[in-house]
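Working notes, beginning with the structure itself.
Chain IDs A, B, C, D, E, F, G and H follow the sequence of writing; residue 1 opens each chain.
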Amino acid sequence: MIMNPAELRQLLRDVAAGAADTGDAERRILDVLRSTPYADLGFARVDHHRSIRQGFPEVVLGLGKTPAQIASISSEIARRGSTLLITRATPQAADAVRAELPHATYYPEAQIVALRQQDVAPGTGTILIVAAGTADLPVAEEAARSAELMGNSIERLYDVGVAGIHRLLSERARLDSARVLIVVAGMEGALPSVVSGLVAVPVIAVPTSVGYGASFGGLAALLGMLNSCASGVSVVNIDNGFGAASVASLINHLP
Amino acid sequence: MIMNPAELRQLLRDVAAGAADTGDAERRILDVLRSTPYADLGFARVDHHRSIRQGFPEVVLGLGKTPAQIASISSEIARRGSTLLITRATPQAADAVRAELPHATYYPEAQIVALRQQDVAPGTGTILIVAAGTADLPVAEEAARSAELMGNSIERLYDVGVAGIHRLLSERARLDSARVLIVVAGMEGALPSVVSGLVAVPVIAVPTSVGYGASFGGLAALLGMLNSCASGVSVVNIDNGFGAASVASLINHLP
Amino acid sequence: MIMNPAELRQLLRDVAAGAADTGDAERRILDVLRSTPYADLGFARVDHHRSIRQGFPEVVLGLGKTPAQIASISSEIARRGSTLLITRATPQAADAVRAELPHATYYPEAQIVALRQQDVAPGTGTILIVAAGTADLPVAEEAARSAELMGNSIERLYDVGVAGIHRLLSERARLDSARVLIVVAGMEGALPSVVSGLVAVPVIAVPTSVGYGASFGGLAALLGMLNSCASGVSVVNIDNGFGAASVASLINHLP
Amino acid sequence: MIMNPAELRQLLRDVAAGAADTGDAERRILDVLRSTPYADLGFARVDHHRSIRQGFPEVVLGLGKTPAQIASISSEIARRGSTLLITRATPQAADAVRAELPHATYYPEAQIVALRQQDVAPGTGTILIVAAGTADLPVAEEAARSAELMGNSIERLYDVGVAGIHRLLSERARLDSARVLIVVAGMEGALPSVVSGLVAVPVIAVPTSVGYGASFGGLAALLGMLNSCASGVSVVNIDNGFGAASVASLINHLP
Amino acid sequence: MIMNPAELRQLLRDVAAGAADTGDAERRILDVLRSTPYADLGFARVDHHRSIRQGFPEVVLGLGKTPAQIASISSEIARRGSTLLITRATPQAADAVRAELPHATYYPEAQIVALRQQDVAPGTGTILIVAAGTADLPVAEEAARSAELMGNSIERLYDVGVAGIHRLLSERARLDSARVLIVVAGMEGALPSVVSGLVAVPVIAVPTSVGYGASFGGLAALLGMLNSCASGVSVVNIDNGFGAASVASLINHLP
Amino acid sequence: MIMNPAELRQLLRDVAAGAADTGDAERRILDVLRSTPYADLGFARVDHHRSIRQGFPEVVLGLGKTPAQIASISSEIARRGSTLLITRATPQAADAVRAELPHATYYPEAQIVALRQQDVAPGTGTILIVAAGTADLPVAEEAARSAELMGNSIERLYDVGVAGIHRLLSERARLDSARVLIVVAGMEGALPSVVSGLVAVPVIAVPTSVGYGASFGGLAALLGMLNSCASGVSVVNIDNGFGAASVASLINHLP
Amino acid sequence: MIMNPAELRQLLRDVAAGAADTGDAERRILDVLRSTPYADLGFARVDHHRSIRQGFPEVVLGLGKTPAQIASISSEIARRGSTLLITRATPQAADAVRAELPHATYYPEAQIVALRQQDVAPGTGTILIVAAGTADLPVAEEAARSAELMGNSIERLYDVGVAGIHRLLSERARLDSARVLIVVAGMEGALPSVVSGLVAVPVIAVPTSVGYGASFGGLAALLGMLNSCASGVSVVNIDNGFGAASVASLINHLP
Amino acid sequence: MIMNPAELRQLLRDVAAGAADTGDAERRILDVLRSTPYADLGFARVDHHRSIRQGFPEVVLGLGKTPAQIASISSEIARRGSTLLITRATPQAADAVRAELPHATYYPEAQIVALRQQDVAPGTGTILIVAAGTADLPVAEEAARSAELMGNSIERLYDVGVAGIHRLLSERARLDSARVLIVVAGMEGALPSVVSGLVAVPVIAVPTSVGYGASFGGLAALLGMLNSCASGVSVVNIDNGFGAASVASLINHLP
């Protein structure tokens, strides 16, 4: 028995407006408080209060879990009415989940399985996902799909790497209209510095492992972004599109 | 001749309200547009449109510049009415600046020289600066002083490292009341993960070079923060208190 | 011909109590001393005095050995009455061993083959194996199965990572009841610091290669644990569940 | 108002034996529980319950703190009757502390300031500190002095590096008589592997930054120890003699 | 006895034009061929044929040499009529050289000692030295002074980092007018990628050690430049302004 | 509608010579200016002005793109009359491209797909590609094929590593006849230093990932080349034959 | 037409003894001098004077070459009467070679193809190959087979790692009887230090990539060996059994 | 009471020749065997049997020891009649030693203190020390002085780096006349590969920390030497001139 923040706010407003009975409200809230804050599946403890604490239910990282484990955790999440988001999901994991939750959707390019439910509050503005090159798309899509599922309006601006700076400069209107930007780049990872110099909102930089030789699996891009000469840039882990989305969504949900 | 975003907004509102003459408004805006966007000092180009583009004037990184160069750039900034912020300022640099700008203040622990002027818009909520240990204070203070100068209300919560988790847990009320958190930690850099699991707002993590042996100058803390198992954490460069402040301030100034 | 420490202790007590003949005792001890301390198989020297020196027979690391080599070494160990423990055993290696030793058991999640015999002394208290996430289970299980085979009572506490600290705090009773803890974590590896701050017994930290991007195959977790701000933490190699178990077992067997 | 574990145990035994009044006992325990668990000095929170949780009072890491900060924290600790241990103390820090606590002792080779009080329980056996070379002595002494202050009986075995293995082998009796060993080595860090193969008790390995060229500040020794082919070895941070002492002391205090 | 390429070319033209006697020409060439190709000073072998092979006399790297050694090598070079270029020259080294060669000039910002003689052929076009920030100037000046001494016309474009891209874009005419560009940048090292995307000539990228934290002494900038998404960029060592100048000069001297 | 630099130059000469009508010339240039500078394919923006800015059309890096994406981008490039160059093309990508562009050629050793059209200007001299060993041939061939397609005359000198220096020295005539050299080497990457000491033209060094053990995927060769004691060497990314070709071609096209 | 050093020595002795005609001797030597010092196969230059310069013919490194290339080079070597040694030979490469040279032998554990001919001089003493563990055998065998083919008498001492030092100490007679030792070890790579402390002859240390976690592909063992506290140890590349053999053989062939 | 190998050999020959009394010989040998194999100074154990085991007395590494400790160890060594060699000796250490041993000599460039006594056997041939550049001289001199003291005839060949290969090639006679070579180089460390390709004897390669930027304290040279494409090269630690000398001396003392 869980209750997401939007439901709680509505319930209290209903009580204030006389549209809900105080006894019923008390019981519903007590039910939530009385339920254990997580479900212990033996190999995993599903954190049912995550949404209360952080505004979005627990997200399942598919990496290193078996399809059966993923399916089992997913059922537990969905059964409580929570929106389901699985990242780094292989096709095998997606099949296992959809065998139990047929309404779940698999986005292969983003490697995401999603099942939207009624518990996510909408964000304020638009999150713009900017990607330097075509090869960065899987990471950009992980960010885009995650941010969308977290209740945000998103836009995409792809293949605007700094080697052809006019491609970026010709899109300044779109850059200016976003409330927060996620900038995805591999190789030298220079795009966030340039973008951040053009806008007055936060830029979440995502280095990707795209590159070869001395990119060392994304290390070059990561170091480039951490050393950005532009202020207003913060960085998440290599290829961590989901991480960028969760930061951007928190920002976009600030009142 | 520059104009900060708040001034522009006010001017247009005045025009709309009939409180300003359209001809005067046009002239003032044209003056700005006609002025060169930067001042070329030979060794430096002071970016006078930075405030228009990004909401805060150009900040001077003291590292690698001579006191004379810093003083010269600072005068150029201050002379246009812009708030002055110099980071990584040695006492020698501070002296050189204050010889020209006697009202500037030096904060030795933060290694910051500041001169506040009337061009900075206030932020919305509070930025809480959390530091793991006493040795992290210089970096935390760089963040605190910078954020303050950028127009934000700030609070400090120091020496709450994860080895004594009760020190942190007993301050949950203060954690919950911030709009954005800057979490500063050296050694293993675990504090942002724990803090981010407790709050529903963005956490900007700052690794510090505090530690020895295999901390490798802050690398351990940096990697720890980038690999945070908690969502909602983004990271800036090692010891980069200013960088964290600028991200947090952008977030805190979102309408 | 070998003799484990428990047997020797018993023999001497029997002699002291008159329950054993001194001549027989002398002969048995001499037999051991006269036997070569290792068996040379050409490609390997099986160390039959390991149990006398260190309290547990030689353990076979499956990595880099062929199934035939592993089976041959295993037979040599088992034939002397020693408990057999093979780590990093592939299914192929397990099959080769069980073709010769049908009573051996394969634990696929732990990648361990085991054959318990009567030569292992029981430990004093309980070893608690704590794991941060579901993906850390293979390493945690390698530790658990190894510790168990070494004569220890073990308990498991899984999926209590620091991002949801309440899951850990709600299990303080179990943390307090252990004589030594093995704490397994990937990503930023912060869990041992938090756990060690809560208990008054030694914590053996095991970094895992779970993570991606800048986890660099477990390097981030390893550095995090080595730089722990909590005292009482020592560290073994990445993914080395067995190594942690052997340290914990030595501690748990101290008189 | 604090109470160390030995005092608490004694108090309860007195109550059980009728030697203490239950009302007095209750009051004393309540006093402790009512006192704040830490003292907030602004720049530091002194953790007064550390001894209750972990058996030894909070230790002060001198690195990165000013002499004034160190002296202030030290006074707070000593004033409550807790044993004081400051590591990485410069002569300046030692002077500042002794200005306030004249009975404190400075051990320059170990870079430790210590003030023993009546709150530390004695350990069970002996901790043997083994050092590979003369240049490793500062780290070995940090371990030795720390372990001694934590209530342990210690012994030293110095300059027994593996290049002259007979120096080590001729000391097997001393190796065998210890309950736990701390093995300190720089360069290739091979000593813990050899020592651990000779004993049946836990070995805490401390890599030092002794070496040059490709020792990379102790990295070579650290990696060597983490990859030890001998079981029973766990590792602490480079040059972290104190860390090794705290692990060894916890082991040596196990009932 | 040496002969620079320009002298040889002139001599042969004179012979062809009847302006030189073939016997004299033969003798002069033979003299060169007979002279030893280097002068052995014991601690150094001055390579007097370097100019013949590579178009510029041997350059003295001051790093790791004593002032006396530098002065001695310099005298040997200058005495043969070769242009002298010493890089990484400390003031002490400069003093030692000028004690023997009073006409030599010291450029402190570039850490260069130079003595121009008549043996260097002029380049074809202009080498433009672009620097990202004020702190990169020492490296940029090492490049500028070196290139100038090698016979090239040079221009400077400083403080045009990517965080304020308009500063660079407003100088496109100067970018377009160069025959080869040297682009100097620290921190994330993104400037060469952006510049190379704007021009149709070779870009020599020089990473600098300017930065802090995860710049790791220029590693971040170096990796960024090596992974440039723009073609036409090649890279020299960190802070190696001279190296960039020598490559650029070779290009600018191509017929 | 695009126009390469050679066409523009010819057009203006025709106008000057009266061979072209000014009205027609104006229309052709305006057509180019009016066309969008890139084609947006959704997942990629094909930069049709690349040839105008940099003298060669956009090159397709096959890495990380699907065969379908590569084929689609290729068609867009070829349809405008631009020469097509795809690097890191798998056989699958080559098949997909040739299904749409049957005249394209696949060079498997170089992993290149090429379709030459009439838009590339010829270079001035010869580019010599030097390779240290047989295993470096794939990278050398990527450089050779790329340089050839960019309009350059090329020559090859393979398997002349420094371990048998006479193989290199016996080819000095070929070394001397090149206008620019590309030197490809793995392992210790010493060849560029030796070659550069023998010639008076620029050397572009390409480290390869050939080697094992401590070559760390080409890192050893890369560092070796960056630290070359010979001047005149600049470096591109590991295995980046194309990058070297593009630098060499820019040099070889300088007027 | 080549001549190995033994043949030359014999020829000159025959001349001195009147057993050979001076005219014939002159002709034979001139034939060698006149022949090209290498055979150019296009993709490779077979160095036929290697044996004259270095005492052993050119060795073929199989890594990165196709089976066809390897077979072609091998035929060229064998056809001149030179002993053939191919390292890192896959079974496919071995098959390709044996299709042309049926008398060649494949040693799969060592990954070596060999064809012994009459051109190799015998060494003086014995080379002892010592290996730490069973998993190091492939590298040890590469060393053993290579050394054997180079004309050396060899012995093997396997699985004598430092964790059970008695296995090594019981073989001191064999250690003492060798003229040079090759010591192969993975993990912490401590064995060469211990061995070198026991003998008075050179020790060639070979780190292997055996290990996991923080062995980082043999880096730990490599650093350990380079930092050996024992003198008399020099090191070759990770897994480079052949390299160790060639050094040991040169030593063992010194007169 | 010690006896060096030469004395022992002589004694036995005297006995065989009747020139020594067997009873006296027995007594002298027994005296040695009865004496403790090392002298325990508390902070150091001086290994007096080192000469017996390895042919040269224990060498004192000055690094990390106090002048007093060094002087004390030195006196102990010299007093037994052993040749004294101290490496990495600061002037302070040298003064302290010479206060006790006035006949000791300090070589400042090599940072060596030496006191030759009558206990060292002469080597067979010549050790040639080759250095790439003037800045490598301190390391080369450490090697030269050490090798000399160990009884070897040495020669020096300095400043013959690969950028001017003719300087090296003109010295082939000296290269050919050595029995073993020590090749010292910083920067890219290419010299050993080239040298080893020219000679038929072992090459001991010493990387130095000479260089800047991406030389990373000698890492570039170290990796270059480990990855040498020439066989016959083995490597010691960065700047370890002594280590190279001890390997070369062992080789040069082989009968």
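We take it that contacts are C-beta pairs under 8 Å (C-beta built on N, C-alpha and C of every residue); 3 or more make two chains touch, one makes a residue touch a chain.
Quick caveat, the model's predicted, so the values are computed rather than measured.
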Mutual neighbours - chains that touch chain D and chain F alike: G, H
Touch-network distance, chain E to chain G, counted in steps: 2
Where chain A and chain E are represented by their mean Cα positions, the distance between them in whole Å: 50
Centre-of-Cα separation between chain E and chain B, whole angstrom: 40
Chain centre separation (chain B, chain H; CA means) in Å: 56
Centroid distance [mean C-alpha coordinates] between chain D and chain A, Å: 44
Set of chain E residues in contact with two or more other chains: 133, 164, 197-198, 213-215, 219, 222, 226-227, 231, 237-238
Full enumeration of touching chain pairs: A-B, A-C, A-E, A-F, B-C, B-D, B-E, C-D, C-G, D-G, D-H, E-F, E-H, F-G, F-H, G-H
Contact footprint of chain E on chain A as seen in their complex: 132-133, 161-165, 169, 187-190, 193-194, 196-198, 211, 213-216, 219-221, 223-231
Residues of chain G that touch chain H when the two form their complex: 5, 53-56, 59, 179-180, 197-202, 204, 222, 226-227, 231-238, 242-244, 246-247, 250-251, 254
Interface residues, chain C side, partner chain A - complex: 133-137, 158-160, 164, 166-167, 170, 210, 212-215
Residues of chain F touching chain A in the complex: 37-38, 42-45, 47, 49-50, 58, 61, 63-65, 69, 73, 88, 207, 209, 217-219, 222, 237-240
